[in-house]
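In the two complexes below, chain A is the common chain; its partner is chain B in one and chain C in the other.
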Partner chain A sequence: MNVNIIKCLMQVASYLKVQPGKIQIGSNLIPVRTINDSTTKGFVSIIFEMLKEAKCNFTNPLDIAEVRQWLEYCIVYTARADGSQNIENMLKELNNLLSTKTYLVSYKMTVADIVLYYMLHNVMGNLSYLDKEKYLHVSRWFDNLQQNSLVRQKNTIVDFKTNYLIVAAPVKH
Partner chain B sequence: MVVIYSNINNLSTLKLLISSYFGKHDVTLEIVRCTDAKLLETDRLPALSVADTLLFIPNTAAHYLFPPKSFDEKQVNEWLDWESSLLSPSIAWTLGTSTKNVQIKNTLITCLSTLDSTVSSTKKFIVGKEISVVDIIIWSTLQPLYKNENLMVEYLFKLNNLLGWLLQLEKLSQFQDASKAYKIEPGNVPYQVLLSSSKYLNISETSFNVEVEK
Partner chain C sequence: MVSGTLYTYPENFRAYKALIAAKYASANVKVDPTFVFGETNKTDSFLKKFPSGKVPAFESSDGKCLQDGNAIAYYVSNDQLRGKNEFEKAQIMQWICFAESDILPASCAWVFPILGIVQYDKKSFDRSKEDTKANLTILNAYLLTRTYLVGERISLADISVACNLLHLYTHVLEPEFRKPFANVNRWFTTIVNQPNFREVVGEVKLCTKAAEVDPKKFQQHSAGKSAGKDKKEKKEDKKDKKHPAPKKEKEPEPEEELDAAEAALAAEPKSKDPFDSLPKGTFNMDDYKRCYSNEDESKSIPYFWEKFDPENYSIWFGEYKYNDELTKVFMSCNLITGMFQRLDKMRKQAFASVCLFGTDNDSSISGIWVWRGQELVFPLSPDWQIDYETYDWKKLDPSSEETKKLVQQYFSWSGADKKGRKFNQGKIFK
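Let's look at the complex of A and B:
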């Protein structure tokens, strides 16, 4: 999957209202952020530094653990999902995980949702209407997030409003 | 109740067990299959069940069980990123499959060399002066490698600092207790299990460059 890691981190910085600093992709595709002579290596590490700068504190250790889990999921699996089979497997898994949830962590939107939204934007935009219905829980979660203009920023809105039945139903004579 | 769900021969389960001993959590280990009904949310293993939450990414679960001291947090995060993005996938693809990918193998060799230059007889732990979750996860990932003589000779030849670090950690009671509670077969099999249980994607060669920053 062609995920632009730098763009994703810049958008996270913008959402959190922190300086993005200089973000580059180092060797082995590991992102490196330099700000005020301080360097941070690694996707999850960079986002945790940004959260600290934004004074975004979690009180529940389990919530922090779940955020960490989703950030690692995003960089190890979502960003590397290449080819239709991998993408399909990932969407199937996410659909299952989101079947009983509004947000990934707890009952509120966290940076985990925001990062996954940025990473999935291209994939969701390229899905057929049938696939959007097939991955209904991912679609519902994604559509909910993109309604927030602070999250969406300059990303295009992915259309989920078409009457799928017209496309899916066989023509009767 | 805190439960670790695991299949057999999964080195990531060691990460969770050892971390639970250091973090003084009372955990139960339950051997399951990936398709077990208890794992409704995901078929990734091991998974840690805590208060209706399932943590299915091993490093995250280990970090939760044995959190670092706050002043070490940035360094710990960087090493966790390094282990999950480089060491673990490169070792799983190199030792857990029959396909030979020179670039991925070189990434593994460079990872081992990085570790060898990080630890020494005077620097006994990867971050700071005390054991952290970083030591635990990296030791667990390398355990089936250094416990197999052929693999040890092939990959740890001349890496005496790294080998010394592995052997020194092995002596700690928490590592010994975990190794008794959950057996791992030395050699390639645990890396096959790591690959299938972690569901690492078939990484393209472009994902792994030969050059690694010093």
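Let's look at the complex of A and C:
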């Protein structure tokens, strides 16, 4: 899977309405953000810095830990998932998790959902209708996020219309 | 932005809807802290504004009055909650109607007997579980592909449906029962954990073990409170108050809303049972009442004689002393039900069928009573002494044929009184 980390971070900055600064990929493929003469290294650290600038403060330490964990997941697994087998495993895992949860962390949309949305946009757009149905919970979560124009930005809307038919005519896989 | 005052008793799920919607819209809606249920909403000034006297009721700061939680919620909410186009608005209305006409009746029939607010009836109790299952199945299928009920954000539909599910999720939907409805569970926990929801309702703890029906709870609760609280009876209660029935004490107001009864339930201290001093005997009142309610008289009357314990229980004939003064049939019926209410604490140990014979301006009231003990039961408690002196009481010999005939007649609601007036209506004290 080919996720453009720089683009992803730019979109997060735009969502949070903060200056993206200058974002580059440094040595060892680690992103580096330079803004106002200060430099931050590392995907997760950059996002948390942006959150701070946007004055998006989490109050619950558990939420912070979970958001951090999901950001790590995004950069370590999602961004690097290559080959259909890996992608399939990841979608399966997410589908399972999202069957009992509306959002990744606590009960509201957090930056973890938003980053995962950006990272999965290509994958979801390329899924066949049958696969969208196979990962119904991921689809539902994704569809919910993309309806928010602040989150979606310039990304195309992925079509999930056929999913809504399955309630009327369930398909067995 | 709307501002105003909401009248409600605490922890009313109907009022929650309005309060949550107000949070979303940052509307300034304050609950009137001086409101006392059963008093404030009976005052003339309140009834002038809100003719039904029901709560929640809302008065905006510019004097507009509204009743019903859903309507108030709509008024105090914002465009996000109301839906962004006409179709969404219609969908929201559809879900609110589903919540009111499908979810709520099943929820009440299941949860209220457990809370002791209404009397347990096996048929409707069991049916409520099936109805709830059917409702949850519909919701579950719908929420499989959707995050919220209407559109991709929270709306009044989510607030109303979640509020109407609150009692179910907190009292009876134990993990095993709710397991098949994973999508509903996901949606429900998301909704009730929204900050605006939590601020109003507090933490919602999902049921870990379904509460069971405890008949004692109903007995305790119904003491001094109206018991069968279906709408019709409520109406009768009110009429009864206007009727100049011989009563000296101010009785507690019948609860308008079942939930208020629930609130009262928690507050009410356990009262001592006046029957405690009498031997228990072998006749099982609850068992017999169940038989009487569920079986035809051709079965329940022989069952009565089979189980009746003449050692510890007695049968009485009670006849109203002032039959000449009876006018309208409905007023006379109110007289009977009013008496039943005042005798609520006796219910556990007594059974009666009181009948009205004849028609308007030519009628009589009499009934057959069965209770624990051999003496006239009413002097045992000061609560019971309001009505009984207006009746002539005759103890019946359980072994005589005449008694058997009377029991047959009154339990099966048939025949005529001494003056040949035909049976008109019957009321069962159980």
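Just so we're on the same page, the second predicted complex is superposed on the first by the 162 of 173 C-alpha atoms of A that agree within 3 Å, B and C clash if a C-alpha of one lies under 4 Å from a C-alpha of the other, contacts with A are read in each partner's own complex, and residues count from 1 in each chain.
Here, a contact is a pair of C-beta atoms (placed from the backbone, for glycine too) under 8 Å apart; a residue touches a chain by one contact, two chains touch by 3 or more.
Quick caveat, the model's predicted, so the values are computed rather than measured.
**Student:** Have a look at where A:107 lands relative to chain B and chain C in the superposition and call it first, second, both or neither.
**Tutor:** Only chain C; A:107 stays clear of chain B.
**Student:** Taking the superposition on A as described, I'd like to know which of chain B and chain C A:139 touches: first, second, both or neither.
**Tutor:** After superposing on A, A:139 lies in contact with chain C but is clear of chain B.
**Student:** Taking the superposition as given, does A:156 touch the first partner, chain B, the second, chain C, both, or neither?
**Tutor:** Touch status of A:156: no partner.
**Student:** When the two structures are overlaid on chain A, which partner does A:59 contact: first (chain B), second (chain C), both, or neither?
**Tutor:** neither
**Student:** A:36 in the overlay: touching chain B, chain C, both, or neither? Say first, second, both or neither.
**Tutor:** In the superposition, A:36 contacts neither chain B nor chain C.
**Student:** Looking at the overlay, does A:147 come into contact with chain B only (first), chain C only (second), both, or neither?
**Tutor:** The answer is second: A:147 touches chain C but not chain B.
**Student:** Identify the partner contact of A:84: answer first if only chain B is touched, second if only chain C is, both if each is, neither if none is.
**Tutor:** neither
**Student:** Is A:69 touching the first partner chain B, the second partner chain C, both, or neither of them?
**Tutor:** first
**Student:** More residues of chain A are touched by which partner: chain B or chain C?
**Tutor:** Larger number of chain A residues touched: B.
**Student:** Both chain B and chain C touch chain A; at which residues?
**Tutor:** Dual-contact residues (chain A): none.
**Student:** Report the residues of chain A in contact with chain C in the complex, numbered from low to high.
**Tutor:** 99-103, 106-108, 136, 139-141, 143-144, 147-148, 160, 163-164, 166-167
**Student:** Can you list the chain B residues touching chain A in their complex?
**Tutor:** 41-42, 50-51, 53, 55-57, 59-61, 63-64, 67, 73-74, 77-78, 80-82, 84-86, 89, 107, 199-204, 207-209, 211-213
**Student:** Could you please specify the touching residues of chain C with respect to chain A in the complex?
**Tutor:** Per the stated touch rule, the residues are 141-142, 144-148, 151-153, 182-183, 185-187, 189-190, 193-195.
**Student:** Please name which positions on chain A make contact with chain B in the complex.
**Tutor:** Against chain B, the touching part of chain A is residues 26-30, 40-45, 48-49, 61-62, 65-66, 68-69, 72-73, 75-77, 80-82, 86, 89, 93, 96-97.
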